[in-house]
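The chains carry the letters A, B, C and D, assigned in the order they are written, with residues numbered from 1 in each.
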Amino acid sequence: MYFESLAAVVQMEGHGAFVWSAYFITIGVIVFMVYAPRRREKRFLRQLEGQIRRSEGGSPPGASKEV
Amino acid sequence: MWTLFHKFGSPPWLYRLSGSILRWLLPITVVALVAGSVWGLLFTAPDFRQGNSYRIIYIHVPAAVVALAGYYVMAIAGAVSLIWRMKMADIAMRACAPIGAALTFIALVTGSIWGKPTWGTWWVWDARITSMLILLFLYLGVVALYEAYENKALAAKACAVLSLVGTVNIPIIYKSVDWWYSLHQPASIKFTGGSTIDPSMLYPLLFMILAFYALFTCALLLNMRAEILQREQRTAWVRALAGERGGN
Amino acid sequence: MPASAAGFCFRLVRRQLVLGLRRPVELGNPLLFFAMVVALFPLGLGPAPDTLADFAPGILWIVALLSNLLTSDAVFRSDLEDGSLEQLLLAPQPLYFSALAYVLAHWLLTGLLLGLASPVFALMLGLAPTAIPALALSLLLGTAVLSLIGGIGGALTVGLKRGGMLISLLILPFYMPVLIFGSSAVQAALNGNPAGPYLAILGALLCISIALAPLAIAAGLRISVDT
Amino acid sequence: MASESATGDVLLRARELGLERGGRQLFSGIELALQRGQLVQVEGANGAGKTSLLRILAGLSRYGFSGSVERFAPQLFLGHQSAVKGLLTPRENLAWHVAGEAGFSPEAIDAALAAVSLYGYEDVPSHALSAGQHRRVNLARLFLTRAPLWLLDEPFTAIDRAGVAVLEARLLAHLQQGGGVLLTSHQPIAVAYPLLRLDLATGALQ
């Protein structure tokens, strides 16, 4: 390891703010890149499942009939 | 060969295949990205001129490389979609654009952050940065064109034509921007050329480029899965899948 | 029975030219736009002749580019709206040449006029007279490339209701090499260097565009009509 | 004889045509071999996909349908839009038509315009004409064309009774000269000629 202490890692001889902000922004974008399509897929499946239930004409168990 | 080709045209097959690929590729990618970053951030010596700020190279360059390659992946998918009218190629092409735009965005932002300690300013009209900016415009153009069409099958064809035009133009744009920069260059700053980079810095960089390729693949497959389901929502297999998931 | 491809192209160019010439006001619009935007720069940058002359090559080229951009949207639009475009696609002649004919007519009605009128605007901005031939020549060559690229954008967006803004997003990146070499040609002439190499590069870009852009235009038109 | 006519006289062949729009199957399994001298009317309710079928047969729709279409002869397609330029006169519209047929003689153009009762309107700018007259300028192409295969989408719309009679006579002449016609129409067609009906809902041709 190049650095001697955790503080040195954070500081990076004065460049820490730049390096770390670059990495954190990248992490943010990557997480979004992976998370967004997964969320889209899950939400779509849930939506479709509800649509199928509706079209089958089932009523929720134990619920009173709505008009 | 042809059977494989036809299999790629089959949505449920591709959906299942991508699922089983992602199951191992996604964890590997995450581990590789973390390992490569730690390697680059903590276990390499600083650049003797730029100091520690050069460590941004381990995300900046891979993002830029893969963003550019992504455009070609998109164009190839577009060509396949135009020539063989393969539905899955449409979907792959569509999925490339936002990923490519995100990677280009990473390259631009990290380049800008890197520029501050190195050049003393957030933005320099340097040849590479300008080229990346144009690449971002190209990606966003594809996304905008796709969204503007109501008929998504036609949208994909239109985007395929646009991305093919882009592939012809990208080398021209890059060369001309490069040339333009050398004409106006203030001659005070030079990038460290790829050939002079020290091996101890090069290996983590190559490793990170591979990791970013894996990331691109993962994001591509994830986007394709979401798109496949929406396109195929009336088919029995998607409805069965929805029933399965909803039950859990 | 079908007309020969060359004869058909000639007929198309003639038809487009007649259509353009019967609306002389619209023909003047790009030039008027050019003049107005040129007039904006002294207001924005200050009227100091030196400053204006320094920026003149860039200003003139950017304005030419924008005025070309604004006309590209209309190349195929009226033909799509009245059904001529679908008839054109059904014509037995290769669509490649038909697309080229449309672009040629568009260039004759916009780029050619702009190139010919550019010396006047150059004088308004105080561009040195030595650079004016390079400006006119680079505009003549460059706007032809712009028309071809603009045709691609026009073909891809003609089926959309709101194409106007979109087309600029699509094709402006492709305009950049033309801008770089066009303004460099003028700059070179201004500095007393030969503008020939830059004009040659513009010529090369024109050759590539003539070879490839009609393919993209044809594909775009087929997609746009297919709704 | 029968086999000969099946190969040499087919102007247009469609196999297994199917179209899905917005999750609805508009039609499927359409089989068609339009031969010389055949008049086929496409039938179906509003929104059944008649226009879509014609655009597929003409080659304007290339994506999104299943099956195959082959054309063996030059075609003339008349769609909903008249393809008439307001800035051009009827004569110029026909002489410089974008559909790519060889140039027509001025006499032929004048005769065609007279046939659709636009005599005297030859040199009026078309924007001064009514929508119905635009349609008739477009229909004048039927009197000029040498294409054997005609695909006509609602040719009789916005045409008066006398005009319809002239068109029907033209259709008859075309069929007797060995042309083939496939059309859609809301009005019943009064042509003294065997009429085949293609039912989009069932795909049956009778």
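Everything that follows uses one rule, which is that a contact is a pair of C-beta atoms (placed from the backbone, for glycine too) under 8 Å apart; a residue touches a chain by one contact, two chains touch by 3 or more.
These numbers were taken from a predicted model, which means no experiment stands behind them.
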item: Label of the chain whose CA centroid is most distant from the centroid of chain B; value: D
item: Chain pair with the most C-beta contacts; value: A-B
item: Chain B and chain C, separation of their C-alpha mean positions in angstrom; value: 32
item: Distance from the mean Cα position of chain D to that of chain C, given in whole angstrom; value: 37
item: Centroid distance [mean C-alpha coordinates] between chain B and chain A, Å; value: 19
item: Gap in Å, rounded to a whole number, between the CA centres of chain D and chain A; value: 55
item: Chain C: positions in contact with at least two other chains; value: 223, 226
item: Of all residues in chain D, the ones touching two or more other chains; value: 63-64
item: Shared interface positions of chain B, touching two or more other chains; value: 151, 154, 157
item: In contact (per the touch rule at the top): chain pairs; value: A-B, B-C, B-D, C-D
item: Chain B residues touching chain A - in the complex, by the definition given at the top; value: 26, 33, 37, 41-46, 51-53, 55-56, 59-60, 63, 95, 98-99, 102, 105-106, 109-110, 113-114, 116-117, 215, 218-219, 222-223, 225-226, 229-230, 233, 238-239, 241-243, 245-246
item: Interface residues, chain D side, partner chain B - complex; value: 23, 63-64
item: Touching residues on chain A, where the partner in the complex is chain B; value: 1-3, 9, 12-16, 18-19, 21-23, 25-26, 29-30, 32-34, 37-38, 40-42, 44-46, 48-50, 52-53
item: Interfacial residue positions of chain B with respect to chain C in the complex; value: 82, 134, 137-138, 140-141, 144-145, 148-149, 151, 154, 157-158, 161-162, 164-166, 168-169, 172-173, 175-177, 179-180, 183
item: Interface residues, chain C side, partner chain D - complex; value: 1-3, 7-8, 11-12, 14-15, 18-19, 22-23, 78-79, 81-84, 86-93, 98, 222-223, 225-226
